[in-house]
Amino acid sequence: MSEVLFNEQVAAGVYRLAVAGNFAGNMGQFYMLRAWDRYPLLSRPLSIFNIIEDRIEFLYLVAGEGTELFSRLKAGDRINLEGPMGNGFPEPAGKTAFVGGGIGIAPFYYALEQIPDADVFLGFSKEPYMVEEFRGRTSGRVVVDVGGVILDNVDFNAYDTIYTCGPHKMLEAVQREQLHSGTKAQVYVSLENRMACGIGACLVCSVKCKDSRKKACADGPVFRAEEVVLL
Amino acid sequence: MSEVLFNEQVAAGVYRLAVAGNFAGNMGQFYMLRAWDRYPLLSRPLSIFNIIEDRIEFLYLVAGEGTELFSRLKAGDRINLEGPMGNGFPEPAGKTAFVGGGIGIAPFYYALEQIPDADVFLGFSKEPYMVEEFRGRTSGRVVVDVGGVILDNVDFNAYDTIYTCGPHKMLEAVQREQLHSGTKAQVYVSLENRMACGIGACLVCSVKCKDSRKKACADGPVFRAEEVVLL
Amino acid sequence: MMDMSCKIAGVHFKNPVVMASGTFGFGKEYGKYYDLNRLGGISGKGLTLHPKEGNSGLRVYETPSGLLNSVGLENPGIPAFLRDECPRWEQLDTARILNLGGNSMQDYVDGALLIEEDAAARRKAGHTAVDMIELNISCPNVKAGGMAYGIQTETAREVVREIRAVTSLPLVIKLSPNAEDIVGMAVMCEQEGADGVSLINTFSAMKIDIHKRRSVFDNQYAGLSGPAIKPIALRMVHQVSKAVSIPVMGMGGISSAEDIIEFIMAGASVIQVGTYNFINLRAGIQLIEGLEVFMEQQNVTNLDEIRGIL
Amino acid sequence: MMDMSCKIAGVHFKNPVVMASGTFGFGKEYGKYYDLNRLGGISGKGLTLHPKEGNSGLRVYETPSGLLNSVGLENPGIPAFLRDECPRWEQLDTARILNLGGNSMQDYVDGALLIEEDAAARRKAGHTAVDMIELNISCPNVKAGGMAYGIQTETAREVVREIRAVTSLPLVIKLSPNAEDIVGMAVMCEQEGADGVSLINTFSAMKIDIHKRRSVFDNQYAGLSGPAIKPIALRMVHQVSKAVSIPVMGMGGISSAEDIIEFIMAGASVIQVGTYNFINLRAGIQLIEGLEVFMEQQNVTNLDEIRGIL
């Protein structure tokens, strides 16, 4: 069990949670969080938003019962973390773009630590958040879109590596744009399939890929965009 | 939903909870409390410990999952109360004694408001609590026993009305003592059967009585000692 | 205008929210919290010919998201019900369902005959107290006989046939999830002329006190209800709804308007609410209001539009 | 000295904590969190003769204190298992159980024959990778055939008989709570020479997405597991334990050492832990340690002292 350092609201329904401790993790990896004893049953997966010496941070959207319970946490409360899990983003080659839709921006803040010159595209449906934080961390461009289609701002041919994370619809558009643009960039999607074990043992997070089935939790959550069959 | 005013520990595992609002209730009645949404399923019954204009108070022992959740409440937290429920203590006749075993002392503090000259017998297995508060509220005697048998201190023939509340073993002893002493006093027991609906509709709190079955929640929780078949 | 109503064997349910037997007494207690006439219907506490004391020992135990009960059909007996409760039931403007239990075939039949007589007498006087019988062949807390009737289709057929023969009231059969084949059971009920089936009753289940080294219940097993069983109940209601053409009353763990919509989409005509009454004393009203909100938001004007669409 | 061990058909279980099929992969992943050799046993992911892709669409949904899964027996196939996983299983010092599934009688039998051959070959080389077969006749997520086998006793008898005839390995049959008569099913298994039964598999259950107006699962129904079903599972284990004299592996919702004690008091020889592995990655170790504490506190030196005392 670890201790909550703070849990502050950064926009309507969006919170930034900091947990004390010495945590490891690569960009794009996630933790399984549990702020309750028996109910609800499953822990909830959240991407690493930030790691500093004495703490790890998450950025989350209240989507249902579990994240609602997270939102009630106060400094000093206890929470259980398991991780880091998943493969994370592979090392990028060349010029890099991060494309986040909504709460899908979460993993990129931590990723900027390793790739501090990436261009960042942040798409919000309503209120934007964390934009200044992102600006403060990259020497590249930060493009913000509110209410539109964030992908319209991304020139797939201008990058060597493109990481994307966001709602299902956005990832479908990423796949289309990859084909349509004929880009040579390596394009990645980070998936948010529902999970149970989080470590590759139960097969409930299965991802249909071109040649086989993979596990979102252990083989992912990051996949090459062209590899995944989004349904 | 009501607001918690305070929830302070008064002894190991024993808490005094105050909830803001204008609440009604007779001595010996109880409320059904719920400080959670869906889990655990049932609300928990607690006796009225005190009612002041702007608030109601409860005194409870952490016995399991539900009371453990109560114990985590902080000022400002929300809690749901239904009540008052049950019959409560009937008006006493003549000289009155309250006999509480452990957390069974809870209903008597409020009852002293109506019967401020009653003698009070408080039995604790370990650490005593709330003794000064009881002393402050009665002009009668306050007898405290720690680790012994509180009933040994009560002369059943010295009273006209005796109210008792405590563990099952103590209530059995009350029945024996009533017979054995040949007292003319009216002796009452307050039962703590498990409850579901709390209002007399489901029959899970059934009490075997000499002549019939009664409902602890609606016909009780207070019964004449000689009426109840304790098993 | 929104229409939530539905008819089962001529009985009008103004909305699909019916209170489940054994969890709602005969309505009196909950009537202090809201107007019972808002409800679609009420199924009263299970009645037997003779008064029953019910089970000894502990009668309730909470499990994760579920409730074990071992009431054992404590009830005042049919004659006392007809005498003491029916005058009040006569005044109600909601579907009044008498839940009929029994320990033997004779019990069931004699009970049904009494109800029939009483109904006829009231009819003459221009009154009705009971709109429908819900035949409970499935109480898992009654050891002698009761259980057996609800398990095997051919054993149950006898009871259904006998009761159908002696009652002119609309007849719904309450099915047990412990049945060997709940779908076959429902089909049998349809064949025997039942006007509907209601399901599910509680699951036979167990809790052991590991310190006392015995069941927490004197009767060994008890009946499991509540949200824990909802996914299974919903599957059974869906299967049964597909298999019969008589109306289905669906229940098991319902605790929100969304849950109700699920059961209706699975094919239920009306639903019943049991354990949730304990969690929320105003469950009846709040569920109906929740349904109204859903229908408005989803542009559903009549529940028939979504009934059985799965 | 405390003794938690037990033997089933000659197979030694050092303690009663066995990991349930489908929730533990083949052990590798949890092996990163603790020493698998501490466990009583491991039942691997259900295997079929040919590789299976499993079900499309969503595969998991949480319910109150329960879990619906629709994995649909995704697995690499028996040959790949024997080739890729067994070398690692050979090194394990815990009871290794192969969970055998199938879509047809031919599948089951051919699968069992492959396992038999492999075991013989390894035996010659002085090795063992599989100690026991757990025959899964009950997966509710496989539509073609699989389900039917687990429902009716006489249909199941065929499969059990055929597999018993072709395998020399200890054989345990995994029973479904969806069976028409789980006690009759267990008795049949004993008659057909099974070395034990394990129960329960998941309950067939349902969840409807009321906005999309369809089941959340492509396969319509899914399997319910977790604490929600424990009271029913315990009752079934108790009933079955009373009815057969072969060992019973009990499971369904176990999530504490106290739960394990309940199942053992109900008659289980060993228990299995499924869903709880997801909630607690170190479930295996912590449950064993919890058992030790219980035995010490309760002065139980051998679990036989409390087994089946109800």
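Letters are used for the chains, namely A, B, C and D, taken in the order the chains are written, and counting of residues starts over at 1 for each.
Definition applied: a residue touches a chain if its C-beta (ideal position, glycine included) is under 8 Å from a C-beta of that chain, and two chains touch if they have at least 3 such contacts.
Just so we're clear, the structure is a prediction, and the values are computed from it rather than from any experiment.
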Between chain A and chain D, the fewest steps along chains that touch one another: 1
Chain centre separation (chain A, chain B; CA means) in Å: 52
Distance between the centres, which are taken as Cα means, of chain C and chain B, whole angstrom: 35
Geometric centre distance via CA averages, chain C-chain A, whole Å: 48
In chain A, residues with contacts to at least two other chains: 38-39
Sequence positions of chain C contacting 2 or more other chains: 64-66, 226-227
Topology of the chain contact graph, where touching chains are joined (line, ring, star, complete, other): complete
Residue ranges of chain A touching chain D (in the complex, touch as defined): 34, 38-43, 82, 194-206, 208, 213, 218, 231
Residue ranges of chain B touching chain D (in the complex, touch as defined): 38-39
For the chain D and chain B complex, residues of the former touching the latter: 64-65
Residues of chain D that touch chain C when the two form their complex: 63-66, 68, 180-181, 203-208, 210-211, 213-215, 221-222, 224, 226-232, 234-235, 238, 253, 258, 261-262, 265-266, 294, 298, 306, 309-310
Of chain C, residues touching chain B in the complex: 22-25, 29-30, 32, 45, 53-54, 56-62, 64-67, 69, 71, 74, 226-227, 255, 275, 277-279, 281
